[in-house]
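Same chain, two partners: chain A is paired with chain B first, then with chain C.
Take a look at the complex of A and B:
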């Protein structure tokens, strides 16, 4: 992914968003005035960007009404992010060593590949019903883990395999042990690929957490917020929550890209 | 590039810091209401994952007869004679159907006949008691006759509408800020009573009362009509619909019931209201709270597309707060998770009312 940089790029980025919002506003208003009708789609029921913005501002923080209180979007973001980061860290701790082992050792590859290939094709959402039954708590972190771990493993394997064999041979010739080769040659070489795996994985994990929060019960989380707002017919808040999910996912993606560029001066 | 990095850093930091700060503002030790299905409530109470739940029958009765928990507070103790499920019709269907008034009169009559049958058959010495238990087991998705008996005892089946109850409910909804206030202002209703009266009509029940001793086939519509009916899954409150359907009352009156697309629904607040909006449901039974809330919150007032009308009651009371056996006071639920069927349901409002009485806070 290429980040549009420079003033010109930024202006084009902002303009595209403004044009989209204007188009969205116009289409909904025209639909509400019966100027056009698309069969099977209730376009008129979609809140306008203005309504969504007002709802976003109004539901940002905790609201207390009598004995009841509802968490603000900021709390939901925090809870969801926390789950993604926890699941991501566990996936990183497990995924990287597994990926290095499978990528470096033929025996481990033959041993683990069939299992990895079968399990990685089960989407994180397919694990939700099972995790409801097997986890008393932390089921949503497990769903994130499933989403993140396989991109990390696969990208680590790829990174290890694409290590220049001449570098390994040179290290071996100079008397380096196998563990030294892994530490000093393979890991640095595979690191850009590992980070790519983490970035892709966190993207999948972020999408999975929102789905998981709709099903795995917790009083706080963006998925739960969206579902609750839908139940109450508060569609502006619901759409505001959806937009927040998109924005956070985008920020996460760019953050890792920037980190990659900042700390990894080699690789892709 | 450097600027964008700084901006990103500030945004991420702001999210974390504000999350932490806001977290501190949340009342300490609230009771956490978490939405779940009735089956999930029973299962999670059994495994100890939740400390209790508030739900409609038969779920409380099933949980209690399985020994997973105990009946703690009956909803009638929180609010005597509180309204619950009703029979409602979609206003679009009403307008485009020539004889909609005649159909609705007969649907109210079915409700009356079914409620009379149930109330008689509830008595254990009634010759119809065994049959009623069979209906209850089948409609409630149960296997244990003891649970069926317990759930029947908790529900007060009615056919009369409850305008006073609906008015009180609307006031409580306003107190708890569940209405979208922009939409409420657009609605043009002066107050809760004005709104309740616009929503509920007693004309059909009055007709039903006047004709209740007539032979049903004598009152049959000249041309049979097809009605797409929706109801909530395993909700014993809506047993009168099932009894009327199974005993052929609708058919005798010239009404062919077909179950609406996607029904029975898990959730009256969301799925059934969408069915009314999308014109896939003509008439249905659901809790009056979702009707009241969605008629405001999800309505396009230029079209009035979420307009529904209430023609008869289904039941009053009939929900229970069930808790784990070690809970002795509602205060014991502080800091724990309690299942509920979703925001905006009568169970939600009842739980808030009970918490208010005890000076407790509830997150949802």
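Take a look at the complex of A and C:
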């Protein structure tokens, strides 16, 4: 993925957002004035960008006591991020070695492939009911784990398998043992793929956590927040929460890309 | 020391006979060029000498010891360099000493010596991506030398370089070889290169790969590329090779 850089790129990026917000504002206001009407859609009930902005600013930090308003959005962000990071770390610790093993050893590949292929096709959301009754606590972290671990495994396997065989030959003739080859050739060679797996995985994990928080109904978290605001009819806050979810996902993605660029000084 | 003996070696890949009854020697300190049409199994000979492949018949010996498993007493230089892209010049050269358990102080000393030898001082901390083809291959040569091998195996090391760089690298290689006198087995498909570099030129024929003829190149070094004696040898080598290329490029074989 390319990050737009420079002034021109930034202006074009912002332009699309501004045009979208203007259109949104215009459509809702026109609908409220009965200027037009789209069947089956209650356009007039959608909060405008301005209302959303006010709601966002109003519910960001302060704690207004009352149902669902114990925490500011920042607390919900923190809670959700914490779960994603915890689930992500566990997924990384388990996914990378599994990916290396499965990518490197044909026996392990044949052994684990059917299991991985079946389990990875169960969406994280499908695990929610099970995790509700088997986990006393931390069920949502488990949902994140399911979301993150498979992209990490698959990308690690891919990275290991695409290691240039001449580099392995070179290492062999230089006297490297098999374990040295894994440590000093295969892992560094697969590292960019592993990072890509982490990036994609955290994207999936972020979506999964928001969904899980809606169902599991933990008292804090962005998923819980938007669901609760919807229940309470506070649609401006709800939409503000949705936007925060999107923005944070975007920031996570870019952060890992930048991290990758910092650590990988070679290639591309 | 560093005497390679290849004794009636045959190698099959599935049903394809790549090498049949290959015999020749690389004497201690000798520079031998292996020349032949593409697909004649030149690279296979190198891989056998490196222990990256096992012969189906016959054997290879280095200093009287049969080569079985990866031969850790040889250095391999690859055509497309095969440098570790995540390691700097210095770290690439230190790979061998590191995996052999040398201390970082020793590694430092070894890499410094070979960086100086191949003329890469000032580029220690560059990544391979930042180097030209010729410089990459200097790293490849230094990395192979850093392991203190008895035998250097080179697989068309200058094949990807432009003509000028190639000539320069050939002279550089000879300079290094004269300083650190170890045996070299050098695969090429260039007659000029073989006659300029080799003490001996082994011509291989294709399908199956066999040794066709061995030429001794008894020319004083430093050699003059276009000297009359060189031209005579080059002509004989070329004639021997041309008939092979005609056979090898015949369709349907």
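Rule of thumb we're sticking to: the second predicted complex is superposed on the first by the 259 of 268 C-alpha atoms of A that agree within 3 Å, B and C clash if a C-alpha of one lies under 4 Å from a C-alpha of the other, contacts with A are read in each partner's own complex, and residues count from 1 in each chain.
Operating definition for what follows: a residue touches a chain if its C-beta (ideal position, glycine included) is under 8 Å from a C-beta of that chain, and two chains touch if they have at least 3 such contacts.
As the structure is a computational prediction, the values presented were derived from the model and not from experiment.
Chemist: With the two structures overlaid on chain A, would chain B and chain C clash, or do they fit side by side?
Modeler: Result for chain B and chain C: fit.
Chemist: Is A:114 contacted by the first partner chain B, the second partner chain C, both or neither?
Modeler: In the superposed model, A:114 contacts neither chain B nor chain C.
Chemist: Considering only the touch criterion stated at the top, classify A:39 as touching first (chain B), second (chain C), both, or neither.
Modeler: After superposition on chain A, A:39 lies in contact with neither partner.
Chemist: Quick one: is A:72 in contact with chain B, with chain C, with both, or with neither? Answer first, second, both or neither.
Modeler: In the superposed model, A:72 contacts chain B only, not chain C.
Chemist: In the superposed arrangement, does A:173 touch chain B (first), chain C (second), both or neither?
Modeler: After superposing on A, A:173 lies in contact with chain C but is clear of chain B.
Chemist: Tell me which partner touches more residues of chain A in the superposed arrangement, chain B or chain C.
Modeler: Answer, by number of touched residues of chain A: B.
Chemist: Now for A:164: first (chain B), second (chain C), both, or neither, which partner does it touch?
Modeler: Second partner only.
Chemist: After overlaying the two complexes, what is the shortest C-alpha distance between chain B and chain C, in Å?
Modeler: The answer is 21 Å, the least C-alpha separation in the overlay.
Chemist: Of all residues in chain A, which touch chain C in the complex?
Modeler: It comes out as residues 164, 166-167, 169-177, 180, 184-185, 188-189, 191, 264-267.
Chemist: Along chain A, where are the residues that touch chain B in the complex?
Modeler: Residue list for chain A touching chain B: 3, 5, 32, 42, 44-45, 54, 61-72, 74-75, 77-79, 81, 132, 136-137, 217-220, 224, 227-228, 230-236, 248, 251, 254-255, 258, 262.
Chemist: Spell out the residues on chain C that touch chain A in their complex, using ranges where they run on.
Modeler: 50, 52, 70-72, 74-76, 78, 80, 82, 84-87, 95-96, 98-100, 127-129, 143-144, 147, 153
Chemist: Which residues of chain B touch chain A once you look at their complex with the stated criterion?
Modeler: Against chain A, the touching part of chain B is residues 1, 4-5, 8, 11-12, 15-16, 18-20, 22-23, 25-27, 30, 32-36, 40, 44, 47, 49, 175-178, 180, 182, 267, 269-270, 273, 277-278, 293-294, 296-298, 300, 302-303, 306, 337, 339, 342-344, 352, 355-356, 359-364.
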